[in-house]
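The letters A, B, C and D name the chains in turn, as written, and every chain counts its residues from 1.
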Amino acid sequence: MKLALDAVLVATLLVLALFSLAARQARASAIGFMGFGLVLALVWVRLGAVDVALTEAAVGALTGLLLLGATSLATPAAQPSRPLRLALAGLCALVAGGLAFLVLEAPDPAPSLAAAAVEPLAALDLGNPVTAVLLAYRALDTLLETVVVVLALIGIWSLAPDADWRGAPMVPGADAPSPPLRLLARLLPPVGLVVAVHILWIGADAPGGKFQAATLIAAMGLLVLMAGLAPAPKLGNTRLRALVVGGPALFLALGLLGFLVPGSFLAWPEGLAKPVIVLIEVALTTSLAVLLALIVLGPGARRPRA
Amino acid sequence: MAASSPAGYLLVLALVVPVIGLLGMSVTALIGLRRVEFVAFPVLVAGLAVAGAIATTVAETGEALTYVVGGWAPPLGLALRADGVSAVMLAMAALVVALVALNARALFCADDATPDGRRAFAFWSLLMGLWSALNLVLVGEDLFNLFVALELLTFAAVPLVCLDGRAATLEAALRYLVFALIGSALYLLGTALLYGRYGTLDIGTLRELTQPDLATHAAVALMIGGLMAKAALFPLHIWLPPAHAGAPAPASAVLSALVVKAPFFLIVRLWFDVLPGPPSLPAAQVLAGLGAAAILICSVVALRQERLKLMIAYSTVAQIGYLFLMFRLTAEPGVPAWQTIGWTGGMLQLVSHAFAKAAMFLAAGMIAEALGHDRIAELAGAGRAAPVSVFAFGLAGLSLMGLPPSGGFVAKLLLLNAATLAGAWWIAAVISVGGLLAAAYVTRVLKRAMATPPAPLATRPVALSRELTALTLALVAVALGLVPLQPFELLAIGRP
Amino acid sequence: MSGPTLYGLAAALLVGLGLYGVLAQASPLRRVLAFNLMGAGVFLMFGVAARRGAAAGLPGDPVPQALVITGIVVAFAATALAVMLMRRLAQTRAEEAAAAASSAPAEHG
Amino acid sequence: MSALADLFTGAMVVAGLFFFLAGTAGLLRFPDTLSRLHALTKADTLGLGLIVLGLMAQAPGPLAALKLLAIWLIALLSGAIAGQLIARAARDGRG
């Protein structure tokens, strides 16, 4: 019965993947991809990775939004020649076949760090091992990953025309928002914020955490902007910039404090691990929410003259 | 796994110092500064000092530096490690970045609040991100941590390509991004396979565990394939020339000198530290064969270019080819790779090319500023308009051609000797022909530049101090020719 | 066949499909979409390794799960950069074409 | 008691699925955007409501049951407004 459910999920996943690759219209393909993301989130639940499922559902929606917004850019371009496509198809089939063979030949019992990851949890006072991996054992990855996101935003800002780069980005639809959207943008954000804070707070002990919460807050912010309830912020604004770098800066500063107590970079003092981690998560959530929203909005732009 | 060395914290500083600069640049107004480059220069000085301290510590103790981040020992946690090769490359990266920054200061000096501030803000922030990413690639010990480093490098490098905002450079940047992303995806796929097989991503732990089975070989092959696309190894190089030629000259210098070396360095790590047992000769032949094709074909293409910067970019692809010869030339039965002259030759080629190519791009940038264009056919008069830059270009050219006295000469001589010792005559022939082709494309430019123009030229003056940065880089490339012609101790420190 | 094996095979197919899409599609937007499909396949490979490594009372090995979370965010950033590059490229092309169209008659006339 | 709850859940979920099926059939068979939208939003909102009602019988506590109810309310709100937005887009010739 459970295997049947898995089989249905896998079949749906592959059909949606094929559809979004092969659909004629770019918009259909982007919508197909959003459906793919939702099914993928269910697959992650089936794989026992609820944290990943939440992240996939939240971030996948933003990715879908980006792709959907770019469908007008799909320019018809020349396909590679038929023999070349056949050769590429052969190569890709070889890769897929090889991977499938390796999946079937995987070692049994599988190697795992699960036991090693659980052992220090009590000392850290954390209940969710994924949070422990992200903010203790492999905190350097997480720190650098937030730097990656900051760098992506700077890269996107650098694409602006010279005169507009410190100005506000264009918000699609904000000039003539429809009344129902304005209603939604008034009703939903408070609920969304409560849910985000809940997800963030339980993240230390149960599935949830900063990425999921930040994506939710970013989505609420985008909704408010797209409904025209608030103007898009100017990208040169110092307070906005401070929000963007504040989280990573605090994370880095606390990491460097680790050199003094307890004596290692990105190590947390004994007994204080949980408060420090929660503090970092709150700061990172704020910064990531702003970052993700700004990334979706894009570089500064001039409003087209009416 | 070894515990942290007493001076291991230096490795953390090498990563963190540029990141502090990057974060500070976004909020210059908050910290009371009006210009982004005022943040950059203290950071550059600090970063140089850290790189210098790492190099001297490794050279003095004769042991690799290690650091266990957060006290969480691998395989659960992450380790950083700098052996002799890493230490040399950290110092190289710091020197190149610092000299390029001195050259770039005049180009990217706008006030943060003005419209022109966009280019300055983007250039300095991205340069900081790029430097941190490079340092992490050089000292990372965990394959996923290295993935993050590669992505950091991509996100810093791609926007540098299209700072001028023209459609042609935006297109080059987009193509670069697509290649880089395919490369990362393949690399990450191999990482997933390795985790599924061994339950660890720490290179030091993997070294003890890897078995010569299909899963391991497939994983490493996928990773090397992805890295080849990022390192622009022929025939996956097509993204490089438009990207490196389209960027502003200081950005091109960093991209060509340093950024393409990062994936190559990771291929070396995978080849010698992750693959079990002695490397397979056929696989080494394939890599060396692609390298040889890059040398021959791209040198000829460089010879036919009409734009100076495009010519230099094609020369980069050709010179990267030499690096891949190393895999064949270090495969001596019974001798560890790092005791062969092929190892020293390959590493020396990497370092001397970095200095020579950075010098060349900076010099080309100065020449283009003086003349207002970079068409090779109309370079006449450049020798008078920017004599120091043309001289620096020529000196750097010595290294690319492999003529004495230069680092490139010693590197290519070592590779040639290694090829003869290994009986790989075809490699020896390719190295010789490659030198001749490089001589052809460098002298072609020099001849035009030294010619007298048909009519007096309207040239713009260029600052001598900026020309001197190019010259300094070229002189370093020449000075590397003093390295002894034998397996070099420093490059073998910390190898198992 | 067990659940994780099934998902592993799906991951292999997704990687193959995505790779073909990235290499063989002409439009940049579809390439980016295909890159995301391939990324999903790669992440699923980690997910399968995590599920197979379930131990110590956990439904899966938390280390690869955390790696996937990091990876998803990085892939989002990459998609965003690519989309913004495409958008800017389309704008700049239109501007340059307009500029060329307006300056061409002036030069020749 | 638990058998009764199971029976209730089963019945409600099956009824909910029926409405989903009907909505999807409408989405696929109806000729234009507005009537498709009509079929989809009406039937799916009711279907989801029935499923949520069925699942509330299985909830471990009143808090969890309330969370399920909240999910339905939010879906109700966003579904209604999304329906409006799509209908407007269709009316303005953008559908």
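The rule is simple: a contact is a pair of C-beta atoms (placed from the backbone, for glycine too) under 8 Å apart; a residue touches a chain by one contact, two chains touch by 3 or more.
All of these numbers come straight from a predicted model, not from anything done at the bench.
K.L.:
Please report the smallest number of touch steps linking subunit B to subunit D.
P.N.:
2
K.L.:
Is the number of contacting C-beta pairs greater for A-B or for A-D?
P.N.:
A-B
K.L.:
Need the CA-centroid distance for the pair subunit A / subunit B, whole Å please.
P.N.:
31
K.L.:
If you average the Cα atoms of subunit B and of subunit C to get two centres, how far apart are those centres in Å?
P.N.:
Centre-to-centre distance between subunit B and subunit C: 26 Å.
K.L.:
By residue number and range, which residues of subunit A touch two or more other chains?
P.N.:
95, 99, 106, 110-113, 117, 137-138, 141, 145, 148, 152, 155-156, 159
K.L.:
Multi-chain contacts only, two chains or more: what residues does subunit D have there?
P.N.:
Correct list: empty.
K.L.:
If you look at subunit C, which of its residues touch at least two other chains?
P.N.:
15, 18-19, 23, 28, 45, 48-49, 52-53, 61, 63, 67, 70, 74, 77-78, 81, 85-86, 88
K.L.:
I'd like to see which chains touch which, written out pair by pair.
P.N.:
Applying the touch criterion to every chain pair yields A-B, A-C, A-D, B-C.
K.L.:
Provide the residue numbers of subunit A that touch subunit C in the complex, in ascending order.
P.N.:
Touching subunit C from subunit A are residues 2-3, 6-7, 10, 13-14, 17-18, 20-21, 26, 29-30, 33, 36, 40, 43-44, 46-49, 51-52, 55-56, 59-60, 62-63, 66-67, 69-71, 73-80, 84-85, 88-89, 91-93, 95-97, 99-100, 103-104, 106, 110-115, 117-118, 129-130, 132-134, 137-138, 141-142, 145, 148-149, 152, 155-156, 159, 211, 292, 295-296, 298-299.
K.L.:
Under the touch definition given earlier, write down the residues of subunit B that touch subunit A in their complex.
P.N.:
Answer in residue numbers: 4, 9, 12, 15-16, 19-20, 22-23, 26-27, 29-30, 67-72, 75-78, 113, 115-119, 121-122, 125-126, 129, 132, 136, 144-145, 148-149, 151-152, 155-156, 158-159, 162-163, 165, 170, 189, 193, 196-200, 214-215, 218, 222.
K.L.:
Going by the contact rule set out above, which residues of subunit C touch subunit A in the complex?
P.N.:
1-21, 23-30, 32-34, 36-37, 40, 43-45, 47-63, 65-70, 72-81, 83-88, 90
K.L.:
Provide the residue numbers of subunit A that touch subunit B in the complex, in ascending order.
P.N.:
For subunit A paired with subunit B, touching residues are 95, 98-99, 101-102, 105-107, 110-113, 116-117, 136-141, 144-145, 147-148, 150-152, 154-163, 165-166, 236, 238, 241-242, 244-245, 248-249, 252, 255-256, 258-259, 262-268.
K.L.:
Can you list the subunit C residues touching subunit B in their complex?
P.N.:
Where subunit C meets subunit B, its residues are 15, 18-19, 22-23, 28, 31, 35, 38-39, 41-42, 45-46, 48-49, 52-53, 61, 63-64, 67, 70-71, 74, 77-78, 81-82, 85-86, 88-89, 92-93, 96.
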